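In structure tokens below, several structures.
Next come two complexes built around chain A: one with chain B, the other with chain C.
Moving on, here comes the complex of A and B:
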């Protein structure tokens, strides 16, 4: 219970900071939009092929946007030695981790809520009735992205060239999430149902559970060393 | 003092000897493959390389766990050294596979599940080495390395599953199969050549590991001497 209370408090702090500074969310959203534009220039596709490529393009846009967000995730803690102060306060390190995961998750979901429809408009894709199912797959993938991403964002806090290092570590480890989410969304788009995508969804849930647990247990060492 | 220990030297000699014997068996004693001809002989190096690479990644995992648990420098040195050698053997595996793939499949590279898995393993452990190089604080580098070592290892089954569902083209394992004992699937002299090479590669691995650990220990020693001098 104490853990939940602390997590909510810490999450509230991050949300409040974000509302007042509006640093991450706005830039993440526009970055997502820019990536969509670039994709459109790179792969000028005939309309009938859009549905095939949509899951990959969408999800890559989220992964790039999310990586941008991860780079900023501990920015507030880096300034004025706030991290030391936070570590001095009697909060559970697990709560610290969960709050950051939740915060990053909320940011990404907000961006996705805008980018999904924007994609449909920009690429002329008629997928409006499938949007909720697609979004569900994306949520599972986003959780996987956040649980590992938060851990490694904290890890690269004091590394040289951290902006380079983070995706370099993260992307290979993230391959199950990237593959499963893209294939899952692709199946949903093609068949309109979940049945065939179930193995991929189970893989995503497995990934989320394993690394949420691992991150929760390991975070203490990463943040304190 | 830092001096090559006797055991390490014996290990090195044994590794060299068994590699020579292994090469003799692989290139001369074993018959050419019925379908693939002489190209198949690269498998005598390919399979031992990948198995040795797996061994080193397992040792990275064990060393990482031990380090996080007990915080002893030597476990970290073990993990770091094994990771470097693991990158070497994974790289070798990919190169050998390409050389074999070109005449057999007609391409240097194909996005088959096992190839992809090996390439991802290579990338993960390269990123492990880069991570360690980019964190200046030694203790922090060791902790972060250990965490990556553990997470990477936990990730392997998931990566494995996902790339297998995604794509399967590679010929199924022909020697370790569930339906038949290993010696029924392969000509005895081929199995002998393969086994000798496997032993040779594992000996080579432990020789390299002992040398690499010695190097780290020497570095530590130099650091302590410098500190003593400074005070």
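Moving on, here comes the complex of A and C:
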């Protein structure tokens, strides 16, 4: 119960700082939109290849946008050595991790809520009736991105070239999430049947559970070393 | 309360910031931690606060090792002026956040009273980014007053404080020591620290070169500290 209380308190702090500064969300929205516009000008998507190409392009946009958010994730803690203030306190290190994962997840979901329809409009896609199913797949992929991304964002916190280092070590490990999400979305788009995508969703759920548990357990070691 | 430091050493890559420090701090002691720049004062405070792990040696607080400091953390306060506060939160929000993380339940009135005590009641709802360095130090003092840590580590606390701020800090330090707590003050304001402290420790190049309870007269201290004072300046009690 104490863990939940501390997680909520820390999440509230992050949300309050974000609402006041609007640094991460605004830059993520803007970057996501810019990437989509670039894709729009760079690729022509024939209707028969929509299911094949759309999920990949969409997820590339999310991954780039999410990486931008991960770079900012511990910004408030870097200023004034606030991370030290948190580490001095008896707060459960797992609560620190969960709060950051949830905060990152909320930011990404907000971005996805805008980017999904924008993608449909820009590429003239008729996927509106599949949007809830697609979004469900995207949510599982986003959780995977956030649990692993938050862990590596904390790992590279004290690194000098962290902006460079973070994607270099994160992207290879994200391959299962990216692959499963893209395949899951492709199947939903191609067949319209959500059940067909279940094997990929199971993989995503497995990944999310394993890395959320691992992240929760090792975050103390990551953040204090 | 008792803090036991045994063979404590800390290396940053190939540089030994502290080497084989042995200390025992007892409840009620106020310790002045002195020495020239780079002597290892901040490193020692960071080790005592468990923010940094030692390369060798051990620290025990009331018999419990500081290697897994979980349950010891509320007992350790670390005041480093201008740091450890969220700039985007107000003074009151910072207090509320940290008290909640320390599981210290305080009514809003108690927080208001603490802010008033440190002279910040008018700025309680101002963002920390708009506070001066001295006001931030006062806010940190309010935080540690409310948390009530028994081991208080102060890293250059006098730098930004004005006269009344210094009095407030000294008053809190004296009252904490009277109640059996331990205060360690790392500072270059030697006369001020020695007025308050019951013991002085001098570090030089990572080694402990002086450790004595306060005496009057204190010739040993004069001899040990003399070479680190500015030219022409001599500390006098």
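Throughout what follows, the second predicted complex is superposed on the first by the 222 of 225 C-alpha atoms of A that agree within 3 Å, B and C clash if a C-alpha of one lies under 4 Å from a C-alpha of the other, contacts with A are read in each partner's own complex, and residues count from 1 in each chain.
Just so we're on the same page, contacts are C-beta pairs under 8 Å (C-beta built on N, C-alpha and C of every residue); 3 or more make two chains touch, one makes a residue touch a chain.
Values in this document were obtained by computation on a predicted structure and should not be read as measured data.
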| item | value |
| --- | --- |
| Which superposed partner A:175 touches (first chain B, second chain C, both, neither) | first |
| Which of chain B and chain C A:16 touches, first, second, both or neither | second |
| Touched partner set for A:129, first chain B, second chain C, both or neither | neither |
| First (chain B), second (chain C), both or neither touched by A:222 | first |
| Footprint overlap on chain A, where chain B in one structure and chain C in the other make contact | 225 |
| Chain A-facing residues of chain C, complex | 49-51, 53, 70-71, 73-74, 76-78, 80, 82-89, 93, 97-98, 100-103 |
| List of chain B residues in touch with chain A within their complex | 68, 120, 123-124, 127, 130-131, 134-137, 139-140, 143-144, 147-148, 150-152, 154-155, 158-159, 161-163, 165-166 |
| Partner chain C, residues of chain A touching it in the complex | 2, 5-6, 9-10, 13, 16-17, 20-21, 76, 79-82, 84-91, 224-225 |
| Of all residues in chain A, those that touch chain B in their complex | 148, 151, 155-156, 158-162, 165, 168-169, 172-173, 175-176, 179-180, 183, 199-200, 203, 206-207, 210-211, 214, 218, 221-222, 225 |
